[in-house]
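The following pair of complexes shares a single chain, chain A, combined with chain B in the former and chain C in the latter.
Up next, the complex of A and B:
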């Protein structure tokens, strides 16, 4: 087990270096640099940066050096853990991403904490709804519930989440004024008791979490259904039924438990969608997480922050894949035989 | 977000029956065909230039001058010159219309760029000229939706074309050649690129681009260049599967070269899953473009795009129509392409049951 884990982790190192190279080169290859926009798209002479200032800014941030020097320096900053210095915030990117924000608030006050909080709720919603739907569908495949659920989930799956976000905001936020849709906390948050704080957070998180969750519903439900059906065709299920256990008991005690193993891979498949989804949903709901920070970095053309978040996004996917594989191999030793 | 669109729901439960019937598939095909027609015929459907007009004693077919082959060389006529100075000339109530005889306007008599202070934030009314309302500078939403179809349609087709060319090329190379070409170049490249959530990667590249370079072509390029890894993975798997097939060995025994085997024997047999994958990919590409434009780093205004129209609602929350209608268009397109992919999968992959 440990040898397998060690080998997998070592194999990740070159992949990770390549990821950093791809991000860096893609950003470098895109036309323009942080200051060219200020120079070219300004309206009239007022917003034009003069050429001497432009050169000075490039030199100030080391952007006048050859790309391999810039890449080397950036790689160094990744290794040192600072991830470079943010242009707009003028402090190390790692502090911007993982440190508490200006309003404090501990771990939840940091962009990372806010994002994890939101995505955690989204995953809970997703699993809480999709797994029962999948199980119920597997109970009678091809039956009314199965067909109905699959049609509904199919439509949900094709709904663009930023559209749903807008419709939810328009309905629940603007028209009915039921739920807050901007930010993470109400104004008087600090004066609230712990239970009220939790409720306040939950009310703020509910709409964005729904937007992140519903798209994956179809995926998780169908996966659950498929995995359970697969197990239901095995001999031990037949034995359990022959013993006289009810369908429900067999489904929950025997089939679902065994279906959990293939469902592990779901974790790895959902992460990329959640990472991408967070960017749009967080900036729409002004949720102070990594996604909103990323869009801010885009508009302030904060290159170090953009680079760091892109690498972070890929690293999250890489690590979640690894975690799933390791969990899988811990549960099922046959997996380790593969090189 | 776009990661979901790829591969389709059916992937999870492989033995899925056809869930939505033949009509769904036909509807999807009609929707896609309508998108293609709209993206070409938009100047005839939504334009402030008349289809036919008798002006100062002469017949003009002004709107047709905006249609693709003519728009390249035809110079503006007297009517379009007059409209440039006064866009509401023919639609404005009680305006001076001296010299106008016979007149036939397009069904939506507004150009997507035509602004008007009289129509700012105009809400939709089914029987008013601006059926779906107007945006913050008085541009007609329906006209912009019709012209925005072109962006979505072309992004879907062109970026997936690019992704297919790259993905099939690299996947075929890795799958057919095998050995170090596969393990060091192709598989490694695919593995690294698949670590990036596709939309996130696209966003990173367009986000750092100078806005003056952001247009249909650069968005197509970026989406195409970022979407090839999943195509390559499919192509590689297909080529590995077919490399050892009997008909390939037969062809080789008959003295066929690698090029002939790859293009004439393996590729046609591998095409099915790739086409299916491409349909889902188009849904993903359309969604990605809409999301980019929505975030302000895709198609730049005043060019009309569905996501761009929608982004205005986040500034003016009371203008619900700016959010509802373009979103419905995006949803329709994504649903249609996904459904088309499912239908193609049933048609192309069912008989042999070759890959599933």
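Up next, the complex of A and C:
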């Protein structure tokens, strides 16, 4: 077991280096650099730069070196525990990602906190709806509910979420004026009590969370249905049925529990989604999370920030797959064997 | 690596792209009822409204109070005005800090921290008399030392102020003669130099750093917790969410009427527009799709001021006349191009009337723009006559003119990111075809576009430009700016290698002329000569439509293209009547 874990962790190192190197090369291949990217968005005079002066500035930030030197330096500082300094914000990347603004705002005020909050709600919505739908579908595969639910979920799956987002903003935000659609907190948030704050956050997160959740319903529901159906075909289920238990009892007491094992995989796939901010949804709903930050980082060619977000994403994916695999191997010794 | 020198070029395009996201909408509210999409005369395209003031509040003294909430597409980068180089940071820090001078709504310099200034008759020195009794927001007095400190910080090679320093290249020295007098000496008499002093001053007592500490200044806390002399001070800044500024009660001009400015970070224009409709924002830029949605909405119009103004940026096609192609060295050919292209048609059909045909590099109606220079009319017959005269005739009957065996077929380079440009070029392609000229369009990525234009490796190119706060056209039209350096890069922005000795002379004359009337004469003459020479075909200027909630009174838009905020005092004169406050 421990040898297996150690081997897996060692394997992660080259994977990780490869991922970051590819991201680094990709951002470097895009024309421009942190100081040339167009950051102006309005009228007003911008003056010419002096070539020598400009070169000196690039040198000051090491941007005149070949890409592998820059990458090496970045990797080196990562090993010493630093994500580097953001070019566009001129402060440490860790502070940009995990720290709040100059006026505070707590962990929630940080891009990571904001994204966790939004995606957490989205995952809850997704799992809360899709798992029961999957179970109900497995009860009578091919029955009316199964076919109806899968048709509806596939329609949802195929609707582009920016389009749904605009529709929800116009209906719930503008026409009916039921829910907020801009930002994550109301103006008087700081003067609210804890329960009211939670409600305020929830109301702000609801529309974007729906947009993030509905597309995944089909996947999760079908996955649940498949996992349960497989278990239902096993002998012990037949035994349970033979004992005289109802289908419902068999499903909930026996089949679903056993189906949880393949669903570990699903968990492994969904957990990384918690920290991957959606660029489109976060910017449409002005949600101050990692997705919006990523968009800004790309536009301003803020290499350290782009890399840090990629590292964060890669690390969560690698560790959650590792966790799933370890959980599997704990539950099922066959997995541990060499292929 | 693309040539660094002209990275300042990039923001112009960014501005252009954004401007054009918002410029093909409808007209001002005055023209309500005109059929949607119908083409209208563009000469009067910008709506007539310049001031928003409800009749019942005319003559009433402004009352203190009220909050103005607007959107920003992204967080400010830093609120350190020396280090900041982006427009979004500027929109916020300009209320916290004050410049020495600023431009008013007519693009005339007015004193802010400088009460007055004068230039010696030989033009070699300008003396700024600083306002007395101005306080920093921490209560310390503002003095000449602050001006010197900020200037020295901006000129420190370790400080990331590369986009500020070029404005001071003609400055020989900056000294103080006493605590309230600063003397700037110029290397040579240089009239455009005054505009460089739209320069935001930082407090020496809080920001001074030891020699060699410029790097630390770039990341100093001043960027996150600024202290200025300006009309508002920083109240709250939640990164990615909002910035709140609060009125500074000890502002030298008196406390601004509004209590609070709130900048919410809202990246998408659809969201901004929806938030304006629900009252969460007090201002929205209206785009092509948005304006027709509300132009007949009585409730929307009743609660809003609608302004439309022509942006300062002009768009042009540059004709490379360095001799690398057989077409454009001849002024008759360039004039023919301008006559052949239906620019008014593009303004009417593609911009739906929201723009104006350009007639040169100067802002129409500005003091530097010669009213006698009119845009070339669309006149294909004249274009054909000029091309005949220049020897371009269709000798083989294939519909395309030729001369000495060379077909008149050229390539126009255009940045692929600006989709609007390609739509214009489709129209011009057909126009040129009608006079027997073949234009192919080469769409390239922005970095490639810059690289090729800087190396003068193109036949024609479509781009945008803005001369800035001072109309000096030196880097755009002077022949010295069209030379190639040993590195293969152009020396300036004269990518088309335009060279007219008389224009060169007049550009030098106006640089050394401080009297605006005299300077205007030279600029007007330049305008005439450029109109004759057509080194570029000046295409058009786009316009912006902005809605502001009409509980705000005394809202003014600059007729010099500065819009609602980028002039002085603009927002400082806004106020909200007590009964309009909710």
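The rule we apply is simple: the second predicted complex is superposed on the first by the 310 of 339 C-alpha atoms of A that agree within 3 Å, B and C clash if a C-alpha of one lies under 4 Å from a C-alpha of the other, contacts with A are read in each partner's own complex, and residues count from 1 in each chain.
In this section, a residue touches a chain if its C-beta (ideal position, glycine included) is under 8 Å from a C-beta of that chain, and two chains touch if they have at least 3 such contacts.
In this text the structure is predicted, and so the values were computed from the model without any measurement.
Visitor: When the two structures are overlaid on chain A, which partner does A:129 contact: first (chain B), second (chain C), both, or neither?
Guide: Once the two structures are laid over each other on A, A:129 reaches no partner at all.
Visitor: Could you look at A:295 and tell me whether it touches chain B, chain C, both or neither (first, second, both, neither)?
Guide: A:295: touches chain B and chain C.
Visitor: A:219 in the overlay: touching chain B, chain C, both, or neither? Say first, second, both or neither.
Guide: First partner only.
Visitor: Quick one: classify A:185 as touching chain B (first), chain C (second), both or neither.
Guide: A:185 sits against chain C, while chain B stays out of touch.
Visitor: Pick one for A:166: touches chain B only (first), chain C only (second), both, or neither.
Guide: both
Visitor: Does chain B (first) or chain C (second) touch A:58, or do both, or does neither?
Guide: A:58: touches chain C, not chain B.
Visitor: Counting only touches as set out at the top, which of chain B and chain C does A:318 meet: first, second, both, neither?
Guide: First partner only, chain B.
Visitor: Check the residue A:306 against both partner chains and state whether it touches chain B (first), chain C (second), both, or neither.
Guide: It touches chain B, and chain C stays clear.
Visitor: Considering only touches as defined above, state whether A:284 meets chain B (first), chain C (second), both or neither.
Guide: Touch partners of A:284: chain B and chain C.
Visitor: Based on the A-chain superposition described above, do chain B and chain C contact any of the same residues on chain A, and if so which?
Guide: In the superposed arrangement, which is not itself an observed complex, chain A uses residues 31-32, 36-37, 40-41, 166, 169-170, 173-174, 283-284, 295 for both chain B and chain C.
Visitor: Please output the residues of chain C touching chain A within their complex, sorted ascending.
Guide: For chain C paired with chain A, touching residues are 2-8, 10-15, 18-19, 73-75, 77-78, 83, 85-88, 90-91, 157-158, 160, 162-167, 169, 195, 215, 218-219, 223-225, 234, 236-242, 264-268, 270-271, 274-275, 277-278, 280, 311-313, 445-448, 466-469, 475, 492-493, 561-563, 566.
Visitor: Going by the contact rule set out above, which residues of chain A touch chain B in the complex?
Guide: Per the touch definition, chain A meets chain B at residues 15, 18-19, 22-23, 26-27, 29-32, 36-37, 40-41, 142, 147, 150-151, 153-155, 157-163, 166-167, 169-170, 173-174, 215-216, 218-219, 222-223, 225-226, 229, 271-273, 275-277, 279-280, 283-284, 294-295, 298-299, 301, 303, 306, 310, 313-315, 317-318, 321.
Visitor: List the residues on chain A that touch chain C in their complex, please.
Guide: 31-32, 35-51, 53-58, 60, 85, 88-91, 96, 100-103, 105, 109, 111, 114, 166, 169-170, 173-174, 177, 181-185, 283-286, 288-289, 292-293, 295-296, 300
Visitor: Which positions of chain B touch chain A when the two form their complex?
Guide: Checking each residue of chain B against chain A gives 1-5, 9-10, 12-17, 19-20, 188, 191-201, 203-213, 283, 287, 290-291, 294-297, 310, 313-314, 317-318, 320, 323-324, 327-328, 330-331, 334-335, 338.
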